[in-house]
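See the structures that follow.
Two complexes are shown next, each including chain A; its partner changes from chain B in the first to chain C in the second.
Let's look at the complex of A and B:
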C-alpha cells in the first residue's frame, strides 16, 4: 500500500478522533449522544473557510468566529435544550428529536450564512515537508500535533484538573455528586464549553483539508459516533483509537471493494458493533 | 371525524385548480403517509426508526421496476411493494432489536443512507442517478387513474389510514403496545409478546410509508434517487412531533405544515426550512404534546373553568 494513503488515513483518523472526543466529553457531562456535534464542526469549518478565503483578511477573524460559533451551539444545546427537557422527559425520545431538529437548524443557518457552495479554508501553515517521493503539508503535520496535544490536555485535565475530576464524578454518578455538593450545573457548563472548543478546532483543522459544504455534517456526525462507540469511553484516549480504526476501515473498503462500498461496510459495522460490543474496546471496569 | 371529512373535501377543492397545486397536493399526501408510517411505531411502541427514506424508495422503485421488467404483474404492484417493505422493516427490526435510543437512531439512519447509495450506484437495477422513467398510469380494475383522481385516491388513503391507526390505538393490541412502551418488564410479565409487537408495528409503519412512494411514482411517472435521500427522514420525523403524538391526525397536520412552509419551492433551498426547523425546536421545547395536543389542552382548560 502506498505511504501517502497511510498518511492521509492517519490525518482522517485524527479528525474522526477529535469529533469522537467531543462526543465523549459531551456524553460524560450530559449523558446525551449529541449528533449535532457534526454540525458544530461543519459550521466552525465553514466560518473559518468563509473568513479566511480573502488572503488579506486577518486570520484571527476566521479563528474567532469558528471557536465562537462552536462554543455557542454547544452551550445552546445543553442549557437551552437538553437541561429543560431532562427536567420533564422520561425517555431519550425528546432529546433525540430535539438534537435532530437543532442539527437541521444549524445546517440551514450555515446554508444561509455561507452560501451553498463548497468552501476550502486557508492552510494555517504554508509549504510541505518533502521526504523522498512523499510530500506532507505542514498544515497536516500541525493538525496531527494539535490533535495529539488536545487529547493529552483532555486526559490530563480529567485526571488532575479541578473541573476535570468533578466532571468524572458527575458523569459516573450524578446523584452522588449532587449530594456531595458539587456544582453540577457549572461542571456541565465547563465541559460543554470544552466540547465546543474541540469542535471549533476540528472544524478549523479540517477546513483546508476537505472542501466543506453545508451538508457535510451528517457524515462527520455518523463517523465520529462510530469512532466513539468503537473506541469506548473507558479512557480519554479511546476516541482517538476509534477514529483511527474507522479511518482504516473506510480507506480499506474504498480501496479493496469500491468507493460506494463505504456506506455498506459502515452499515454492517454499526449493526455488528452496536449489537455485540456497544461498550467499545476500552471500558471502565469496577470491581463489584 | 366530521372535521377531517370537511377538511379533506376542502383540500381536494383547493388542489383541483391547476397542475402546480396538484403537485403540491400530492407532496402533502406523500408526506402525510410517511408521517403516519413513522407515527405508528413511534407513538404506539416507542420504536424510533430513521430508515423511512428506504421504505419510501422501495414503494416508488418497486412500481417503476415492475412496470418495465414484469408488466404483467402491474395489477399487484402495490401489494408487492408493501410486502417487500414490510419484510425489510421486519428484518431491520430483528437485526437492531438489541439497540435503543441514540444507537438505534444511528443504525437505522445508516441503513437509509446505504439504501440511497445503492439506488445511486446500481445502474443495472435502479437506473443509477438518472432513475427510471415511463411509468404507466395506475389502473384499478380497469379504471385508469389520472392525476386528479389519483389525488382523491391519496386523500382517501390518508383518511382511512389515520382513522385506522386511531382505532388501533384504542384497541387491545394498541393498549398492549402502549403498555410495553410504558413498562417493558411489566408488560412482558403480563404475557404481552413485546418483541413481536414492536416488529409488527415497525413493519406496518414501513408498509404505510411505502404507499407514499407508490403514489409519487404513479403521479410523476418517473423516479429519481435524490427524492429518497436521508434528508427526507428529518422532515418526516418532525411531522408527528409538530402535530403531536396523541392522535395520528397530528402527523397529517405536520405534513400539511411542511408543504405550507415551503410553498412548493425546493425545500432545502431558502429560509422556509430554517423557519420550519426553528418551529419544530420551539414546539419540542414549549409544547411537548405538539400543536394538536396543545390545542386540546387549551380547549380543556377553557371548558373546566
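Let's look at the complex of A and C:
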C-alpha cells in the first residue's frame, strides 16, 4: 500500500478510535449505545470551525465552545433523556429511538447555528513535516499524539482513578454497585462528562482535517460504532484497535476494489462479528 | 437679472421634482398582491443551493416592486410590480424530499399562490410539477438542470432556465477534442443526484466516442479521496471529471489531489462554481480546474444583476449562476403576465411558449432565452461558458474554446 495511504489511514483510524472511545465510555456508564456520538463530534467540530474561521479570533473561543457543546449534549442525553426513561421502565428500544431523535435535533441545531455550508477549522499547529516526497501536517501529528494520550489517560483512569474504578463497578453490575453504596449517579455523570470531552476533542482535531457540514455526523456515528463493534469493549484500548481496523479496511477496499466497496466490506464484517461474537456488543461481562 | 434667473431655475427644479415624485407615486403597485409560492429546501441536501436561490427571490421581488429592472427594462418596461400590483412570495420547505413536494405545492396554492417557483432539488421538482399540470398553474424551476423536468408527462405548465446537462456535455466534448483528450476518469459521490448527473454525462460521452478508464466513488463525508485518486492515477486517464455533489467531499478531494501532487487535467461541472464554499475550502488546490459554467465575467447583464445583489448582501457575497437564473425566471413571469393581462396559468404558459430572444442575465455576452410549445427549457449554447479557476475562484474565461 502506498505510504500516503498508510499515513492518512492512521490519521483516520485515530479519529474513528476516539469516536469509538466515546461510545465505550457512555456504554460503560449508562449501558446505552449512544448513536448521537457522531452528532456531538460534528457539532463540536462545527463550533470550533465557526469560531476559528476568522484568524484574528481567539482560539480559546472555538475550543471552549466545542468542548462545552459536546459536554452539554452528552449530559442532556444521560440526565434529561435516558435517566428519566429508565426511571419509568427499562426500555432499550425506547432509549435508542430517543437518542436517534436527539441526533437529528442536534443536526438541525447545527444547521441553524453555523449555517448549512461546510466549515474547515483552523489548524492547531501550522506547517508540515516533510519526509522525502511525503508531507505530514504538524496538526495531524498533534492529533495522533493527542489521541494516543487520551487513550492512555482513559486507560489509567479506569485502572487507578477513584471514579474510573467505580465506573468499572457500575458498568459491570449497577445493582451491586448501588447495594455497595457507590455514588452511581455521580459516577455516571463523571463518565458522561468525560465522553463529552472526548467528543469535543475529536471534533476539534477533525475540523481542520476535513470539511464538516451539519450532515457529517451520520458517517461518524456509523464508523465509530463499527470500530467499537470490531474492537470490542474488553479494554479501553479496544476502540482504538477497532478504529485502525475500520480505517485499514476502508482504505484497502477503496484502493484495491473501488470506493463503492467500502460500505459493503465494512457491513459484511459487522454482520460476521454480530454472528460470531455477539456477547461483547451490548452487554458487559459480569465478573463472578 | 441674476436673481430672476435663479428663481426660474429653482422653480424648474421644484416642478421637475414634483413631477418625478408624482410619477413615482402614480406608478407604485397597488391592489391585491400577486403571490408567488416558493418550494424551497431548508433542511435537506439541497439546502445550500436553495437558500442562495431564496435570497435572490426576496431581493428581486423587492426590485420588481420598486420598478428596478436594470437591462431587462428593454423587455419588461419600467412599471413597478406585475400588472400594477405588488408581488409577494410565500414559502414551503420540502426538505428536498420528493415525497413531500406535491403536498407542499398544494399547500402553497391553498394559501393563495398564483405562480409556483421550485428552488429545491430536481427530484423534488419532478414530483411537484404534477400539481402544476393538475391545477393548471404556471411553474418555474429556474435552477434545476434535469432535462426530465420539461419532458412528458406532466411538463405542460413547467419551464426551466438553466442549460441542461446535454448541452453542457456537448461543450465538454468539443473542448476535449480541441485538446486531444480522449480517456476520462469519473469521480463522483454516492448521492442520487450525482448518479443521475453522472449517468447523463456517461451516455453523452460514450456517444461522442470518448473512453472512460476509471469510475470512482467518494463516500459521503469522506475525510480524503487518496485511495480513489491513486486508482485513477494508475488507470492513466487524460483528465479527471469531477461530479461530486457534496461540498465537503468535493473540497476534500481537491485537497487530496494537491497532497498527492496529481498532475492531471481536471474538469468539473457548475456544481462547483455554484458553491463558493468549495473554492474557499479547497484553497489553491482548486486552481487550474476547468468548468462549463453559466456566468461570464464580461457579460454586462450579469454584472448589473451581480452589482444589485452585492449591494444588498455585501460586496463579498458570492454571486453564482443560481441568482441569475432566478432573475431571468422572474422577468419572464412579469413579461408573460403583462402580455396576457392575467395570472391564469394557461394564458401565462402560452405567453412564455411564444417568447423568443428574451434578454438573459447569464451566459455569454448577448445570451438570449427562447421558448416554444415543445421547448420549455429556454437555454441555448451561449448559456454555457468555459471558465478556469485561478487564485481560488473561477475568474478567467478559457481562451481555447467557447461554445456559440
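Following the convention adopted for this analysis, the second predicted complex is superposed on the first by the 277 of 288 C-alpha atoms of A that agree within 3 Å, B and C clash if a C-alpha of one lies under 4 Å from a C-alpha of the other, contacts with A are read in each partner's own complex, and residues count from 1 in each chain.
Operating definition for what follows: contacts are C-beta pairs under 8 Å (C-beta built on N, C-alpha and C of every residue); 3 or more make two chains touch, one makes a residue touch a chain.
Keep in mind that what you see is a predicted model, and the values were worked out from it rather than measured.
Partners chain B and chain C, brought together by superposition on chain A, clash. Of the two partner chains placed around the shared chain by superposition, chain B is the only one that A:96 touches, whereas chain C remains out of contact. When the shared chain is aligned, chain B comes close enough to touch A:275, but chain C does not.
Shared-chain residue A:116: touches chain B and chain C both.
Judged by the touch definition given at the top, the superposed model places A:229 against chain B, while chain C stays out of reach.
In the superposition on chain A, contact of A:263 is made with both chain B and chain C. Using the contact criterion defined above for the overlaid structures, shared-chain residue A:88 touches chain B, although it does not reach chain C. When the two structures are aligned on the shared chain, A:35 is found in touch with chain B, with no touch to chain C.
Residue by residue along chain A, chain B and chain C are tallied for touches, and B comes out ahead.
Legend: residue contacts after superposition of the two complexes on their common chain; A:108 is shown touching both chain B and chain C.
With chain A used to align the two structures, chain C clashes with chain B at 258-266, while the other stretches in 150-158, 186-194 or 258-266 stay clear. Overlap of the chain B and chain C contact sets on chain A: residues 108, 111, 116, 215, 218, 260, 263. By the touch criterion given at the top, residues 42, 46, 48, 95-96, 98-103, 105-107, 109-111, 113-114, 117-118, 120-121, 230-231, 234, 237-238, 241, 268-269, 271, 273-274, 277-278, 280-281, 284-285, 288 of chain B touch chain A in their complex. Listed in rising order, the residues of chain A touching chain B in the complex are 32-33, 35, 80-81, 84-85, 88-89, 91-94, 96-98, 100-105, 108-109, 111-112, 116, 215, 218, 222, 225-226, 229, 260, 263-264, 266-267, 270-271, 274-275, 278.
Residue ranges of chain C in contact with chain A, taken from their complex: 43, 45, 47-48, 51, 190, 215-228, 230-231, 246-248, 251-252, 259-261, 277, 281.
Those residues of chain A that touch chain C in the shared complex are 2, 4-5, 8, 11-12, 15, 108, 111, 116-118, 120, 133, 135, 206, 209-213, 215-216, 218-220, 251, 254-255, 258-260, 262-263.
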